[in-house]
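There's a structure below that I have some questions on.
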């Protein structure tokens, strides 16, 4: 099982390598009747493109999406939506050197161990380019969620030592700054910091965060299919993510129960939590509060310094990576996190439709008549 | 989908509530020919039982496992292994009070939101008792892994502010101390600390860690079924876990690429990493090094202080939880983490069998003849 | 993958062998709020018990079901329902002889090929007793369908050369006659015929049919998850079934399009088909008409005549099967077919809930508020 | 769940409609190291193209396949193989008339019931063109099976009343005759018969058969994932198939156990069956003998006679279908059956790799070292 399918009822299957002819995704299980056009998807793909600033790779990726199936007269038909993005700017020559050795921090070695050989051009299937399929599919999930009053929003929390100040959270800044930080001052500091990093021929890690607002309570299942468990898988499946947390995350390990428990209170006739240490999930099920997910991303493994490694033929050697590489992964990964979160939440919402007998009865009515 | 099934080819389905007649698990896809008896499983169940020390609930849970199917003349037959643990010590009276209100930090509210009502006795399906099925199944996975030369070992890293000193890692201590710490001094400090916590009618969180040693490279799949993604899901599905990390985890966000990259080196004719910041996984696939997973656990939500909450009928109220509750969850969750890790690794190993044409050819031979 | 799980959202996992301690099933994904007690399930289990007549095995199987989890105060909670049936009347001695050779028409040989050895007592997991779990789970599915106005009803069409006359279809007869035929005259003829068969120390095959009435249109998915494809799998998974058909079945191969096409007509403001050659399914999706499924069952392989076979150690030998065996499988398999059909239809109905955007909008409302 | 994915470890996802831009399939889980080029796949696609003879539609479909990913330097890499076939000859004008009414025998009505509307051009996703994705994927499965010494071969058994004489089975004829019959005389008779059918502005059904030779024993799982159950689903999922049978099929219902049981005998030191009424499967598991599957196909629903139907707006009306339609579906469906059978068998073989502890031990060796 090569593992390129995600989701149970809203199910996506991605394909494509860094330097193949094209990349794409098949979205199966999208409800019929959603207005959908290429522009809806392009908007998200554009957010993962390398920007014009100094902090991202100077590669140009057009990443133009084409809808090949599943949409008729501007609406989804309920059948598979096939989306394709042609590769246009890949220069295979850049990578020929690394065909026969293992770059530290990359998947070269493990692919060889697993499959016996690998497509060495630009990381092949383990390249960050693999995420274009996720983002194209996630754009559709986000559009559906928006129609249901739910917004998903990811941004950069920190780059190396530079942290965004969340007290003046600025959503627009997150969409506009080169670092995707919701704080223009921190963004400027991070850009300057990244200049130093690049000058050192080095790279650096960072942290990103995703909020889901408007999600009703009751989403997610107990035991193995907990909403937080599936979010953890979704986010950890993004290359370079090494830690995932919900709500207060790793800090809970030092907290007391009396501070960590969120009390309930009635507000406008509704039970609400007075705080949100839980990050919107209790027992694996959404509690109606904002979902808070955080991901910690390792430094870009491709650095321009000389590194020690071994060759395929078993000899110690030095390697000096060339090519075009971002000094930090986070800003471009933010939209991928947003999309993986949206896909996970939507699938859980669809699975929740059959949670109660009264839902089945309301839907299929008496005498087997479908009432909706 | 109630979500009580875990795994693709080594697949378990757990069932049972805190105060029902029994709890259990069906293990489907276990290879035929494994020697198995109840004692193999009991050993693991005993590790999650409340101990005799002051830090765990004084409840007595016999947790005697019975093998109901799938084993014949002492060996597994390849058909489903049904394991049952009868509930013996549950006192429903303790919980009647909380039937109509929502305990902070518990899943009472979210179960009501999802299902319309809930089995309020002891948390029902969201109780920690649900994990007996996971541990019973995990014991089998661990036995198989051991036969393949792979060991899985979890322990407590910290309880509140008390951290184990990993420099003198003492595996035996982890099995014997009441805190499951691999450091007898830290254990003593943690036990003293927990006395204070209990005296404050409070609880505290902690951190646990799991190592997988001996795992060959090549296990796990690229993209969505990455080994680390599945480990994150497995571990986050344990109630009370709020953060999961691999290798250096959340600290990578402040690291430089030059420190985070693990160089390769030849050692005894084999490529090995000289460090293990990656935690044994590159690009979602095991690299032959030790797998390192960490989980951060929130404080036990059941504390004996008065807390603010609301009732099912929508009134603000105070609640004072009675009953028997551990001041910290970690020591008893350690074996659950070990089992979830084992189940995840074994399933990935089984799925890896068909990764290469040469494996199929070696197995089924020429002319369709099975050679093994 | 031992393959003991069936269904995607209404998902069952069966376990247990002919001569083990017990058999059972875990039903996961049952909606919350369904009234359920053991009697609901016992009713169906009793229908697959050997009767008092001469045509069934004189074995006595109490088959008393116990609900171990998932039901609280008389209603399902949405968590796994574990059902167990203790084995009481198994006499292992009867089977010791066949431990080391392969009975013709049985799975002895193939289990040995697959697993290296087998539980030889009474067929182990390949015994007809395996179906008690399916029937216990199916009883729940039938109860849910009934609440939605849908009935599932299976019966015997023929036993050897004796066919039921469908013109005077008598549903009560199907429940009361020893052959499960909906025709008391044919039943009498079949009973007499079976006496001859038994006298010849032989067995015979037959045909069973299942109708689903009241199912709304729109259930089932195009392409691989067609409703008829899933029914074919469900029914073919019943041991001894060698052919499955929908509507006119194998006879369509000789029909012309002009006779086989069902015309549409308006009736009471609704489009209906004037005939039902299609058996209620077009393009894999229910059309609102009665679903018609038929299964052809091979003769019981256990016959009391001397047969040629080989031993495990590779020698030709003769075998004369002893024990207690029905001369025809059909009458007891009818309720299994009914249950597998119900499970398949219910799962498809649940998956259909997310087929349209307007359903999601109606359910989750605007602003993410759950309206049901 | 739109249901466009098939298989567990060798998993395909098809997409595309009759008159969309393109159709295709993503093959995930294909083992690494298989030599693969477009010609391997084109060979199979060409077999489902309408021929030059009078019996098939005069439409011209180039059906040129393009490999978009998953193959590097002529070999599969273990990552998803994306295959695309551009639509070139679709004339949407032909179908505009049927946009607002329901063709008898087609899925127009059921798609509208399910999704609220449909892509009415040429049947959209319910068109026979959907099968190009299945055939492209199946070609890869067939190539792998061939390397393991296993051949899959389907052909036409009968068209209307004309049956192939199986005594002089001629495999080459099956590949060359316009009817795909393995009997040139019957082919000639069938072609003449089809002329009459076409002259009557009618269509006719038929029967096709598929053999799997060289499959080792032990493939398939007990209970729900029986090999025959999965074959039944695979074959019934082909549009227009109304009955599926294994071995003697529906005729077993009239047979006695003494004739239906296949005796075992030692031959060249191996246990073999002396007959094959079982069709190569016992208890859901292959027995080493030839697998025999049969499918009965309904007459093409598109006939040129006037038919009664209703419009979307609920009025009775007459319809006269235009366009280009085969008078019989079977000859072009034969390769689809072959491919669905190959996909099913290969997936079962892959899942079988972990059936025994000794296989795991042989593969992963002692000390966790991978030995293959």
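So that you can tell them apart, the chains are marked A, B, C and D in the order they are listed, and the count of residues begins at 1 in each.
By definition in this document, contacts are C-beta pairs under 8 Å (C-beta built on N, C-alpha and C of every residue); 3 or more make two chains touch, one makes a residue touch a chain.
Here the structure is a predicted model, which means the values were calculated and not measured.
S.K.: If you take the mean of the Cα atoms for each chain, which one ends up farthest from chain D?
M.R.: The most remote chain is B.
S.K.: When contacts are scored as defined above, which chain pair ends up with more C-beta pairs, A-C or A-D?
M.R.: Of A-C and A-D, more C-beta pairs in contact link A-D.
S.K.: I'd like the Å distance between the centres of chain A and chain D, where a centre is the mean of that chain's Cα atoms.
M.R.: The mean C-alpha positions of chain A and chain D differ by 37 Å.
S.K.: Find the geometric centre of each of chain A and chain B from their Cα atoms only, then give the gap between the two centres in Å, rounded to an integer.
M.R.: Centre-to-centre distance between chain A and chain B: 26 Å.
S.K.: Roughly how far is chain A from chain C, centre to centre by C-alpha average, rounded to an integer in Å?
M.R.: Distance between chain centres: 43 Å.
S.K.: Hey, what residues on chain D touch two or more of the other chains?
M.R.: Residue numbers touching two or more other chains: 1-5, 8-9, 14, 29, 32-33, 78-79, 114-116, 125, 216-218, 222, 351, 354-356, 358.
S.K.: In the complex, go through chain A and note every residue touching chain D.
M.R.: Spelled out, the residues of chain A in touch with chain D are 1-5, 8-9, 11, 13-17, 20-24, 26, 28-30, 32-33, 66, 68-70, 72, 75, 77-82, 84, 114-119, 121, 124-125.
S.K.: Applying the document's contact rule, which stretches of chain A touch chain B when the two form their complex?
M.R.: Answer in residue numbers: 1-6, 8, 14, 102, 104-107, 109-111, 113-116, 125-126, 130, 158, 160-161, 197, 200, 202-207, 216-219, 221-226, 228-237, 239, 242-258, 260-266, 269, 271, 274, 277-279, 281-288, 296-303, 305, 307-310, 314-316, 351-352, 354-356, 358.
S.K.: For a test of understanding, state which residues of chain A touch chain C in their complex under the given definition.
M.R.: 8-10, 29, 31-34, 76, 78-79, 144, 147-150, 214-218, 222, 349-351, 353-370, 372
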